[in-house]
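Labels A, B, C and D are assigned to the chains in the order they are written; within every chain, residues are numbered from 1.
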Amino acid sequence: MGRLNVNLCGIEMDNPIIPASGTFGYGYEFAEIYDINILGTFSFKGTTKEGRFGNPTPRIAECTAGMINAVGLQNPGVEKVIAEELPKLKKCFHKPVMANVSGFSIHDYAYTCALLDNEEQVGWLEVNVSCPNVHGGGMSFGTSPDAAAEVTRAVKAVTKKPVIVKLSPNVTDIVAIAKACEEAGADGISLINTLLGMRIDLKTRKPVIANTMGGFSGPAIFPVALRMVYQVAHAVNIPVVGGGGVSTAENVIEMMLAGATAVEVGAQNLVNPMACKEIIENLPAAMDKYHIDNLNDIIGGVKNG
Amino acid sequence: MGRLNVNLCGIEMDNPIIPASGTFGYGYEFAEIYDINILGTFSFKGTTKEGRFGNPTPRIAECTAGMINAVGLQNPGVEKVIAEELPKLKKCFHKPVMANVSGFSIHDYAYTCALLDNEEQVGWLEVNVSCPNVHGGGMSFGTSPDAAAEVTRAVKAVTKKPVIVKLSPNVTDIVAIAKACEEAGADGISLINTLLGMRIDLKTRKPVIANTMGGFSGPAIFPVALRMVYQVAHAVNIPVVGGGGVSTAENVIEMMLAGATAVEVGAQNLVNPMACKEIIENLPAAMDKYHIDNLNDIIGGVKNG
Amino acid sequence: MTLRGDTLAIKNAGEFVNLKIDGFYLRRPISVCDVEGDVLTLIYKVVGGGTEAMSAMEKGTELLVMTGLGNGYDLSVAGESPLLIGGGVGVPPMYLLARRLLALGKRVTVILGFNTADEVFYEDEFKALGCDVKVTTVDGSHGIKGFVTDALPEEYSYFYTCGPMPMFRALFKATSTSGQFSFEERMGCGFGACMGCSCKTVTGYKRICKDGPVLKKEEIIWAD
Amino acid sequence: MTLRGDTLAIKNAGEFVNLKIDGFYLRRPISVCDVEGDVLTLIYKVVGGGTEAMSAMEKGTELLVMTGLGNGYDLSVAGESPLLIGGGVGVPPMYLLARRLLALGKRVTVILGFNTADEVFYEDEFKALGCDVKVTTVDGSHGIKGFVTDALPEEYSYFYTCGPMPMFRALFKATSTSGQFSFEERMGCGFGACMGCSCKTVTGYKRICKDGPVLKKEEIIWAD
């Protein structure tokens, strides 16, 4: 047991670092850059029942300390993911992977998760009820406790793998939704997904994003993410995967103090492909600086103000 | 009529720039630095029925491209504001001022607004139903359409001055709340107030803010603010005052394209006391760059993606 | 701008590099104009804050640059007399391409299209390489009046192009041979991870940054 | 660090300046250690990212600095033999204060408190001014063993202090005369606009940045 090891829903991880879904593809692009087996795990590209092209381009907008994306769940569909992507993934990554799943109906979620349940390499199912890019889709599930709970129950019924529900931050009461998922049997909560944001091109006077709005991520959203991780971690009794603007080892420690058992790194992978490698390498020194022997000692360790 | 003039709820403004409540005190500190009569107007420190000290310190936290504050509506109470602050304000500012009002009950709001209605220098009442720093206070009003509407009706009943309701961004459906306020008689909508955020001090392992969480503002939140201004401006038929992370003349133009009739500048006043002066001075050149003759031509002028 | 550093990852003409610029979150992709030893030449047009910041950089500034991005042009199908067509900001990548084709002993014809005379650049550089160079300007203030399609030669074995979409659509119709188009798109990562710059092609979905930016004439689907 | 620029707004010892540091949103307030002509001397302890960045700044770096902030110490009540007590990071503002008091012909006694010998600084500078200097270290590795309260002289006309809260509480009890305390607080603006650094006093709510940082012994209310 190293000082970075954590246990997420019964699965041991060498460290808490998890590249977030949608910023790491199925791993190969990064495997060309560094050995991705140093990661705790990674959450692969959001997968749906049917293949999707996603939204029209432009899908990307620059922001202060962040970016907006409106990819819209582009993926080949779960059958192709299992037939073509997972075998390739297996070649460059030898640990349990986190399968990120989205859907547009309860049946979609159940169908996709049932198929992924048979895949040995899939360690966790990360059920995304929060993608803000699909009209009438994922978003609506993530903004209502009942709908989020319904998705959770449907997925739990078809899998024995740990189910982690990824929540949207674009809500009034994130705690109510997290609790509903916990009561519905979720094994963990992952948060936050992107904030709904927008930019306008002053030259063309059109939204920069063809889809008008998109998901805002990057260091700018860290304080909102940390707040929600803190609120949820103090309200539920299941592990929390914290993410949102994490870009340094210090951010990881702050997220874990707030209550995160593992930490997702998203947008930073896109601007610095070595981000997760550097964070993992920098963690021990950062832990020494703040007198942390073992990361497990600080999970939820924030003191009262 | 200059090219910067706008009309907000029937009151002419020389330009759309409004220092946001809580970042400009009652104006004197800035009047020592520049002639604040160049402003469109400013929204003075949030005023309540009773005087308040606010929250314990520390009340301020540094963030990437922003800050968290948890001042908690420190103010001397409406009677003292009228007796002591407004006379002093009158000496350094000779335009209609925006009176920002908060409360902890419907009666509070009505009481405070009724008194301010008698003040000649008060041009608009900005009713803050969104301050995230007061437990069980402002926040709850701003997160429910019915409660926000109830406050609006109560205030409208006691004043003939235009009532602008300032909304919280920490909600699932900002449009529903804005519409409820419009139907309740609001003359305008102001948004966004701060996002609820948090930071933890890694050395002490305590929240940086004594109150644990606070209001996150600064350039980091601009894309979220712009998105909400766009959504609300396209859903209501009353003027929208847009704000949230505005720090440049370009940001002002982007906010107005999204649908803002006037634009509030908040946190930037704190890190650069000359911010509003510089923005007003830079607006004409920025307008030329983007071929804008008159700001009124671009309000809500964003084209479809 | 010219940069000095490890350029070994840059293989083909038509690739791009991705620059980290202080004060901006996303990197800025710029096509490779030329590379010689450890010297990388980039020519860009100031279109926004990022390129504005680049043009304000002082000599000696160090930049984080991801190199060897994108597929680049496939020279194996050039034939004996390839035609290179660069429109405005699409001119720079034609330079390294021309050099590489000439090195293979090809007869290279280059058409450079601009709006007006003031915008014309690199005409002499291409001539110095020994290309047959034609320049068009929309207003006729320099070279042939009109569009690049007004300067197409009778005979050419294949074509390579980079430039704005309207030019691409015109070339797609006006060209008699097959060819390769280098596309531009707003990118997130620039190395294929984020799916931010995907487009539909006859051969399926492609990422402009990884499977592109160069697409073959036959696989392009024109969005309406 | 020493800065060269317009220092005319700096009136009193005990004032602070507010520095804009690249990469940080809020400014960083630093107490004035000394000012002579257009040269401003700041001494700070590296406690976080901001001060870390300051210590990494190269000679010649230009900084945006707001000056003349805070009320500073009131010298009119010093009497003939004022006592100055600086604890750790509270030592620097005592320097300009000592210079000003000596210029007024006062007999100045200075007590400098530290945890251990390695932390001791400015002892010689104060001696060079002609002050009666006493140094205390908690571990006794330099000067008097113990706290500043263990070095209080029998006689003094008034006291001025800056340092950590525990020292303030101890001095509040141990001192026989009135005095002035310079407080530290996380600030938003630094010029009185945001109410980020308010505290309760006998004479009402005060803003550390504008009505402070110096408060008189009589008006202080100690939070529990």
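As a convention for this text, a contact is a pair of C-beta atoms (placed from the backbone, for glycine too) under 8 Å apart; a residue touches a chain by one contact, two chains touch by 3 or more.
Keep in mind the model is a prediction, meaning the values are calculated, not measured.
*Asks:* What's the farthest chain from chain B if centres are computed as the mean of the Cα atoms?
*Replies:* Taking each chain's C-alpha mean as its centre, the farthest from chain B is C.
*Asks:* As a quick test, compute the distance in whole Å between the mean CA positions of chain A and chain D.
*Replies:* Whole-Å distance between the two chain centres: 47.
*Asks:* Please work out the Cα centroid separation of chain A and chain C, and write it as a whole number of Å.
*Replies:* From the centre of chain A to the centre of chain C is 36 Å.
*Asks:* Cα centroid separation between chain A and chain B, in whole Å?
*Replies:* 34
*Asks:* Chain B: which residues touch two or more other chains?
*Replies:* 61, 63-66, 219
*Asks:* Out of chain D, which residues touch more than one other chain, so two or more?
*Replies:* If we look for residues of chain D contacting two or more partner chains, we find none.
*Asks:* Chain adjacency by touch: line, ring, star, complete or other shape?
*Replies:* line
*Asks:* What chain-chain pairs meet the touch criterion?
*Replies:* Those chain pairs which touch are A-B, A-C, B-D.
*Asks:* For chain D, which residues are in contact with chain B within the complex?
*Replies:* Those residues of chain D that touch chain B are 20, 24-27, 49-50, 66, 185-189, 191-200, 205, 210, 223.
*Asks:* For chain B, which residues are in contact with chain D within the complex?
*Replies:* It is residues 22-25, 29-30, 33, 45, 53-54, 56-67, 69, 71, 74, 208, 218-219, 267, 269-273 of chain B that touch chain D.
*Asks:* For a test of understanding, state which residues of chain A touch chain B in their complex under the given definition.
*Replies:* It comes out as residues 61, 63-66, 68, 143, 170-172, 195-200, 202-207, 209-213, 216, 219-224, 226-227, 230, 245, 250, 253-254, 257-258, 290, 298, 301-305.
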